[in-house]
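Several structures are given next for inspection.
Shared between the two complexes below is chain A, which has chain B as its partner in the first and chain C in the second.
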Partner chain A sequence: MEGENTTTTTNNESDEINYPFENVREKVFNGSIPIKFVVSEEDKSKIPNSIDYELAFYYNIPRCSYFPIHKTEIEEYFISRNVVENGDNIWYSYKDIPLKWHYPVGLLYDIYVNSDDLLPWEITVHFSNYPNNKLINIKDLDTLKDSYLTTLKESDYMRYGNANRVMCLSLDDQSTLWNSLCNLNFKNFWNINSKLLIDTPWSNISARLYINDNVIQERFANISEENTTLKDLIVSWCQEVFTEEEINNNIDNYKFILHGINISIDTPLLWLGQYLSYPDNWLHIIIKQKSS
Partner chain B sequence: MSDKVIVRFRAVGDAPLLKSPVFKVDGNKEFTTIINGLKVKLKHCSNLHFYINNSFSPSPDEIINNLYKCFGSGGELQVNYATMPAYG
Partner chain C sequence: MVNISSNNQYITYEEFKNFCEFFLKKSKQLNYNWEWMEDSNHLKKTGYLKFSQVIEIDKKEISSTVFKFEKDDNLDKIINDVELKMLENQYDDDNVLNEDSKTRIIWEWHIIYSPIFQIPVLFFNAWDEEYQPIDILSNKEIFPIKPLYMPIITQKDHPILGVPYYYAHPCTTGQNMNMLYNININKDELNNTIEEINIDNTDILYNTTNTNENKYNNYIASWLSTIGLIKVDINYFI
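Showing the complex of A and B:
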């Protein structure tokens, strides 16, 4: 009996040694945002028998997920209440800004919502007048799947100088990866996804910085150095936005948001990439000025 | 500093060749500018697919300058175009 116990303990320990921050990945993967979907005034005015109460659908959407994955639940609510006949042209906006369907929901929230805004996040759902000049067209869920996989390839190319790891995934593995993202199955997702990140050193970091409606994405070869931090990346990429001196002296005026968390700029960059990337394997970091 | 990016188009498979495959484009624009520009030049091809360095299709809203900075080489951004989906 003692021997068995010892073996079990040893296995647990070795698991922990191999994946010391596994719970960070899991927490980030399972994070969600409560959302209130309100039908647009324009679509409301088309309802034959006008209604005098607010039609709102409340739904919890995982931060790492995408709106089209939840289309059925959202449109069903409004179809069953005779607001629309179908959700073929569905799109979403927040404060009149159309929300990109190919961005993770948590990223959209972090870009557009101020930290002192109250939850649930109130979003307008539209069933007509799709803004073709502002949003990419989407036919069905396969459009999102293709977009997700090619974004994954781009991040692979960024880290290794080629997209071989994603290209070499079997069709089964690709399906498992996609389906487990849709169904929020952490274990199945990371069984496959860890194959895409495990080889080190990386030749680059796959990261995007979002500042004032701009997206910054560049090469950053210093990723392999252990003591490289988020600050080094920001100093290197944001020279047009602020100088190193400003970052040193006024860093407290800015916040760096990832998965809704204010990240310290002294966090090791490689660690961020390995444990706090979105399921598309990009680090999406938002830089905001703190409100005074 | 010039915001122009030199784009070199390369045909994949049986995609028609361009008379001059090199263009200068505004780097601040989105990748969709490149897509639309080539679609105009190859009007008779109904279905075109675009790739960077024979590897992946950027999202149409990615900024050309970002793509150049990350994936450009020899002062150019290589864009492959195909009439059928390629590269997995």
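Showing the complex of A and C:
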């Protein structure tokens, strides 16, 4: 018994030394965005005459969450006010851009919203004319769950050259992972997700860059060295976008956004992957030109 | 001509591009309209192979579960109108009867390199005569050919165009290509088979598979034939 206790203590201490940034993950996981949902122009005629105030639903959505997870709360507000009978064809847009339901809400915010825009984030909610040309069809929450697990497998494959870690999760673990993401339970989520991230070295970084309307996703294998930084990744992936000279001299003209944070281009890449990945275990980094 | 970088089934984007070039050359000889596409709107000049076809089917083969929505501008990005007119004219020239019971499906097939799995992945979409996208998952019987084993199919954003397409899951692609190309591993098996069927002249078999050129240049055609959703002419292999 005594021996066991000693071991446990040592483990805890070494955990703290080895993982001094543990609370970074929790903070990122729990971050949220206040959102104001307003009815689209084409659905406005459905608002009953008895409603003589501006109809808007205010809701706080976790940055790492997805819109379909909060569908019930959002549609309920409008159903209970007799605007619609159901939210079967619900979709969202911002500045006329349909919002992809399979992107984390925080990622959508970082892609489309300028940093000087005011909160809450005003989003248009649509109850008809689902834009099948622009948005993937969604039947129910299981469609999102499947999409999430596929993305998770892809990130596993990227880091380790196979998807064994995700495939070997028990069904219980899989549903705990998914349910704790839906219910925003950090502890339960990371109990499982740590199994998918903790082993190093990684053979590749699971990262995607977003520049304007473009998504860049390639392979970047040289992450074994601790001093490989985000800059190395940008230089490697963005040769067609900016020259190396431009990156060296004008890097201050650009900002690199992850979870709403402007991150330094000198941040070690492996650290980013381990501490600032989204719950799908991808680094979704947005590159924007600073407004002059 | 093309050397594969490693001893496994995985290929790099540059290799993919070279294999596509070979496939295009062969397609031209055989009169199949595959094209190499690069999206000018995309910052990276990542390319893919594209094939369009118009298939006539019985109206009753397609259920009413076609997505309901209005046409919008973004469609131009998916199919450009000129191309569609071209396809239509081609169709009219064929003097096929416009019977009421028939309807036309417009298919697009894209062969795209996956940087994650390091293999090609087949993306596709189908539209009805009004150019509305068809819910393929509810209409699996409309495929131009019926695959022996239906691959797992899901909707996903097109990696280059960024709009919804369907794709065949690449889960068995690695194994298939491994079986096709890792001749060394299967050599014993192969020899046994040859003995069994009493072929004396094993040289013929090895000569056709051993050189890197013959072995890998047909990568795209070989891979496409393993998917089973689109016809691959036997002449690609002769």
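Just so we're on the same page, the second predicted complex is superposed on the first by the 270 of 292 C-alpha atoms of A that agree within 3 Å, B and C clash if a C-alpha of one lies under 4 Å from a C-alpha of the other, contacts with A are read in each partner's own complex, and residues count from 1 in each chain.
The rule is simple: contacts are C-beta pairs under 8 Å (C-beta built on N, C-alpha and C of every residue); 3 or more make two chains touch, one makes a residue touch a chain.
The structure presented is a predicted model; accordingly, all values stated were derived computationally and were not measured.
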{"item": "When chain B and chain C are modelled together on chain A, clash or fit", "value": "clash"}
{"item": "Contacts of A:211 with chain B and chain C, given as first, second, both or neither", "value": "second"}
{"item": "Partner chain(s) touched by A:219 [first = chain B, second = chain C, both, neither]", "value": "both"}
{"item": "In the superposition, chain B vs chain C on chain A residues touched", "value": "C"}
{"item": "Partner chain(s) touched by A:136 [first = chain B, second = chain C, both, neither]", "value": "both"}
{"item": "First (chain B), second (chain C), both or neither touched by A:100", "value": "both"}
{"item": "First, second, both or neither for A:154, with chain B first and chain C second", "value": "both"}
{"item": "Partner chain in contact with A:167 - chain B first, chain C second, else both or neither", "value": "first"}
{"item": "Partner chain in contact with A:22 - chain B first, chain C second, else both or neither", "value": "neither"}
{"item": "Residues of chain A contacting chain B in one complex and chain C in the other", "value": "100, 102, 136, 150, 154, 157-158, 215-219"}
{"item": "Sites on chain B touched by chain A in the complex", "value": "52-53, 55-63, 66, 69-71, 87-88"}
{"item": "Residues on chain A engaged by chain C in the complex (per definition of touch)", "value": "100, 102, 129-137, 146, 150, 154, 157-158, 211-219, 238, 240-241"}
{"item": "Interfacial residue positions of chain A with respect to chain B in the complex", "value": "100, 102, 136, 147, 150-151, 153-154, 156-158, 162-163, 166-167, 204, 215-219"}
{"item": "Touching residues (chain side chain C, partner chain A) in the complex", "value": "41-45, 67, 69-70, 72, 74-75, 78, 115-118, 132-133, 135, 154-157, 159, 162-164"}
